[in-house]
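Naming follows writing order (A, B, C and D), and every chain is counted from residue 1.
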Amino acid sequence: MADPTLAQDAGAHTRAATPRPRRTRSPLASVALHGTLGLAVLVALFPIVWVVLSSLKPGYAIQSSEITLFVEPSFDNYVHVLTETSFPRWFLNSAVVAAFTMVIGITMSASAGYAMSRFNFPGRRGLMWVFLVTQMFPVAILIVPIYTIMANLGLIDTKLSLIIAYCTVAVPFCAWMMRGYFDTIPKELDEAAALDGLGPFATFYRVVLPLARPGLAVTAFYTFLTAWGEVAYAIAFIQTDENLTLGAGLQQFVPRFNPQWDSLTAGAVLITVPAALVFFFAQKHLVAGLTAGGTKG
Amino acid sequence: MSTSTSSSVTFSGATRIYPGSDRPAVDALDLHIEAGEFLVLVGPSGCGKSTSLRMLAGLEEVDAGQILIGDRDVTHLRPKDRDIAMVFQNYALYPHMTVAENMGFALKIAGVDKATVRKQVEEAAAILDLADYLDRKPKALSGGQRQRVAMGRAIVRQPSVFCMDEPLSNLDAKLRVSTRTQIASLQRRLGTTTVYVTHDQVEAMTMGDRVAVLKDGLLQQVDTPLGLYEKPANAFVAGFIGSPAMNLGTFSVVDGHARIGDGLVPLPRSTVEAVGAAGQVQVGFRPEALLPASEGDPGSFAVQALVVEELGSDAFLYGDLVGDDLRADHVVVRLPPRGVPQKGETVWFTVEPGGLHAFDVETGAALPTH
Amino acid sequence: MRRTHAAAVAGTAALALVLAACGSDSDDSSEQNEPDPQSLSAELTWWDTSDPENEAPAFEELIKRFNEEYPDVEVNYQSVPFGEAQNKFKTAASSGSGAPDILRAEVAWVPEFASLGYLYALDGTAALEGNFLETPLSSNEYDGSTYGVPQVTDTLGLMYNKELFQKAGLDPEAPPTTWDEVREASEALQQKAGVEGIYLNAAGYFMLPFLYGEGGDLLDVDAETITVNSEENVAGLTVAQQMVKDGTAAKPNASDSYGTMMTLFKEGKVGMIVNGPWEVANIAGDPKFGGFENLGIAAVPGGSEQAGAPVGGHNYVVWSGMDEAKADAALAFVEFMASPESQAYVAEELGLLPGNADAYDLLSDNEKVSAWQGALDAAQPRPWIPEGGLFFAPLDEMAVKVLVQGQDPKKALDEVAETFKAEVVPDYEAQ
Amino acid sequence: MTLSSTPGPTPDHAQPAPSRGGRLRRSFDRHWYAWAMVLPTVVVLAVLIGFPLVQGIWQSFTDLNESNQRSEVCTKTLGGGETCKPNPDAAKFVGLDNYVDVVTGERGRFWLWFTNTVVWTFACVSFHYLLGLGLAVMLNRPMRGRGLYRVLLILPWAVPGFVAAFAWRFLFNENFGLFNSLLTTVGLDPVDWFSHRWTSLFTAITTNIWMGVPFMMVAILGGLQSINADLYEAAEMDGASAWQRFRHITLPGLRPISATVILLGTIWTFNMFPVIFFVTGGQPAGESEILVTGAFRAAFEGVRNYSLAATYGVLILSLLLVFAATYRRALRSQGEVW
């Protein structure tokens, strides 16, 4: 377990599989291991690297018969995207939408997951299935009816419409996962809290949530990513540049003819950076969070 | 530390049936615990002792019957409104809080001002010898220290009832014995009504003012430790209480005697009358209730020694009844440490006067023996 | 000729068309209650589907000019990528909320939107009073009413690289006029200039010149018959396929064949392409191509019957869910945008062809516009029916099957006809 | 001490009320907070997914489309009023016609899309799992640079889907892509990736594998860390080889987490719209379309066919439900419960 605060009182926790004292690997095995991982890293990185390299080229050289690593490398494309397009506004909108999706998504999935983990209420088992089924109906077909509902709620062209829609995408999985995570937190802690005078909500908020940080980190990462680069809902619900998010905004660089490869590649890099940063801070918790969620899921 | 107002506890027909189960986990429990009393709930696992405790704490629904603390009906009150504190088997300390925060949490929730909380925590810590650890997180403590923090958390609140659910089971054997006495003496000092759950009958006997024995959700007997030991209400209690356990067996009754192996042990008249036409009786005698005898002594029977354990202060002989091939149970006999029989030897014993217990074969209920 | 559409006569010169088509039925009733521009006050939303990077500034400049005349009409300009606009507008319009007051709609969208009740009919309003080209205007007609006003028109033409033509010993001022001549030019380009002769975009729309060239069409609207698998069309398609098979044309890609065509042409790696006016600025601006002087533009090459290319373009339409109180403002805006001056401005800036005939008078010395004159002569209207939006998915598949995968044209067209019958126009007769 | 004093008066429900109403009330008293905690999620899901789903099931038995959804067709003339006439062919109930049309191939290419979907889902999920497992096992060993490897290998997860799709499409471009250029450099013929059904699917599958491995890897890594290390030591004592340890300890230890991620992975991949849509665009000639993208094009190009879309939606949902139920039963028989 990556988070030591949980490890001791949980009782049921297995001993972490920390590096065991092992025989040293043979040099050959070592080379094979690092070689394989190095190759995997190469595969994982090179499409990203290729986009980054492309973003440094002038527009006409990005899609070209002659494939070269560098053509007049410069940051002109970035300057252009950041100063002469609505990119900064989309970026801000995406940040707002992703942040609120994250907060609301975490709140919803953590409380639903907690209820499913702790309370044996009528309808609990059905709910697990309902969550699964919501993942099965294709989003592409849901967009029109959801638009109509949003229109009836007067939410078209608002960031709220996106936040709500993204929550429907992310919350079922996150609730499932959080439930698994809560299952690993001893129930006695809740009982102790109940005896100490906390109600169910306060117990959840003051005792259980602080212990569920790794699970929350995964949920945060997942909800953030769901909202950050989403395209389909954003295209459908947002009507003005004022509220456009990155995924939808970037489509403006791909008009019917004459795609703006320069703006598009630079935009793609810029859109990936914050996601990578969020991921970088969350990754420490990712393994522990998914463990619990998955094991009991 | 000021003493708290301690309350009596009354279970009145309290019943718990888990969803999806036909059989009650606790079946119409009637039990009255006096204010200030230390009552131990004991029984094998699955007997409903923990469930009973959790019903009292409000952690478990009560499906029928009532629970009173003092005169208050708390049957459907929330745990926090019952004025009780609980020590959990795994202590359930909040990992993200320091020892002091753990102990003072309930007071903080209740809105007690910080200075008072700190004062009371420090008082409790002094009693439990935890003063040096107040700012540590639970993970930095040893098992015994954690156990004391859990105790401290309970006593800081000065509740009218303590609930303790096997609080010693995570300690090693030696620590368990010393903590056992600490808890008992602490309880006596505080005078707080305590309901203590354990599966260990030694703990039950050494700690409780009274002990309640449960089996299959049914209360078997409530009495002082000595009362249980000397006057078990049924064969289950007789077999459960005492170490080594009472020798129990079913024997046929012949002319007012029980045929035990080759021997005929006389039964009191009242017992014989109670057995009546059944012709069989369940007889029990504790290991220390057997007296060495010689072959042919009236009421004696023979035991062939299989193993002899010499403990220094005592010796225990484990053997088979001679002349009763059908019985597989061993007989246990406590002997003085000197001059013990050899393995394989056949030894004769009689039951000391008043050392014989008799139980109904069908119901297990105690039969009169005087 | 199988075409029976009213606008079939449009095969005459664009400028002649201007005269023939001038709004004969425009009545003057609306002129009497023309509101005072100063007092008109409203907030309008306009979805523009043009290229937000290169084309939008010109339209935003027009809005600025509009506001000089109508200071209190606020126009919220919103650029919506073309690929999203149709679905987005329909989703919004069908739910009754979120659609723009005014939309730049592709010609094929108008009958479809109109049939769904999403558009205001503009009959009898000032917006339709301009002298619009008949063929583009006809795309706005549905069920006896007119639902839109032409913004720009376009068609396909043969575009070629003059420098490569010279290298290949071809006359840059005498481009091929038939597919056979294209074949010859292509051979010359391949052998002498060392480049590909022509690149054919494997897409349904770009196959139409081959079909029209043999006198074919997709449907006979009047006879309610599916004619897409006619012998003429098979013949036309065979011409196209043969060019790929024998190497006259470069082998097209199945995916992004349009982008590949453009990149190769701009790089000077292919001598000829078939494309429209919307790409002129893009090609001329590419550092590798050599500017507008190097770009030759001609009518699409002809088949055995004629030279014919489809008419495309965009119209201004008004959403039927718009608050009618804004009618005057919306009409004033559309009228302004469709005026000869505005359209001429757009043509000057972007090289797009106006839909308003009078604009051509103002553009007589604009070479980018006049270069298309010949191509416009060959422009043919498409069947303007609501189902028009469904034509091209099966046709695109057909184009890939025939040009990329080398399937039998007859079989591929029969499959299109089946799909048309099953999913597009079930009430029509199969041929 | 004030603390130990009796709190407020006894609530009125202290006396158990045996009546039915009382029981309901008690059930509410007992569970209201649980319900309150799931309520926001349930309401949002019910409104935004549940309602359209039920509506969709109903619509799939009608011939509802964009043009016949209104009972009247109105022509509005700007500034000139409105004329309405009843819609001659308003939507009506057609029973199972939509399903018959779709399954018999009368409309769309259901079986082609279905086989593509199966191949796509199976290939993607198995490679996700196998590669994720392999990398996770390697990363679970103590070695130099483990943290760095892990960060770099998870990075594709942080790339938004459409960016990844765009990048790979770029790499696979037949004329200007890096892959064909490399093939030419080493003297091989370039591949017309999008001209054949399977090579085209291959590009999409490759893209999706690249995108999905990190999630699997992280999930499995988590699973590996929850396996008790004592088991490995015990097995080593018993003389188990590395392979045997993997086979008999690692794999069974991972079974619970594998069960979950494979189920979810299958559902997600089955409905993965953007990769196919952006990478192959269905080329060549619609042959690389999967059910969701095919259904989208079939129902949303031109006049939208809502009933057809709903039919596809219900078919997809049913297929996945059957899969999930079978899968769960298979797991049950192996002793896994979820």
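Side notes on the structure shown:
Going forward, contacts are C-beta pairs under 8 Å (C-beta built on N, C-alpha and C of every residue); 3 or more make two chains touch, one makes a residue touch a chain.
Since this is a predicted model, take the numbers as computed values, not measurements.
Counting only chains that touch, the fewest steps needed to get from chain B to chain C is 2. Among the other chains, the CA centroid farthest from that of chain B is the one of C. Annotation: C-D is the more contact-rich of the chain pairs C-D and A-B, by number of C-beta pairs in contact.
The mean-CA centres of chain A and chain C are about 42 angstrom from one another, to the nearest whole unit. For the pair chain A and chain B, the distance between mean C-alpha positions equals 53 Å. Note on chain placement: the centre of chain B and the centre of chain D lie 55 Å apart, centres being C-alpha means. Shown for chain A are the residues that touch two or more other chains, namely 63-65, 144, 199. Each of residues 110, 157 in chain B touches at least two other chains.
Along chain D, residues 30, 173, 175-176, 300, 304 each make contact with two or more other chains. Of all residues in chain B, only 19, 54, 57-59, 78-80, 84-86, 88-96, 105-106, 109-110, 137-139, 153, 157 touch chain A in the complex they form.
Remark: chain D residues 66-67, 69-70, 73-80, 106-107, 169, 173-176, 192-195, 200, 280-281, 283-286, 297-298, 300-304 touch chain C in the complex. Residue ranges on chain A touching chain B, taken from their complex, read 4-9, 11, 120, 186, 188-189, 191-199, 202, 207, 210-211. Touching chain C in their complex are the following residues of chain A: 60, 63-65, 85, 143-144, 147-148, 151-152, 154, 156-157, 235-236, 239-241, 251-260, 263.
Note for the complex: chain C touches chain D at residues 87, 90, 94, 112, 115-117, 120-125, 127, 143, 145, 251, 253-256, 260, 263-264, 318, 320, 324, 327-328, 330-331, 386-390, 393, 396-398, 400-401, 404-405, 422-424.
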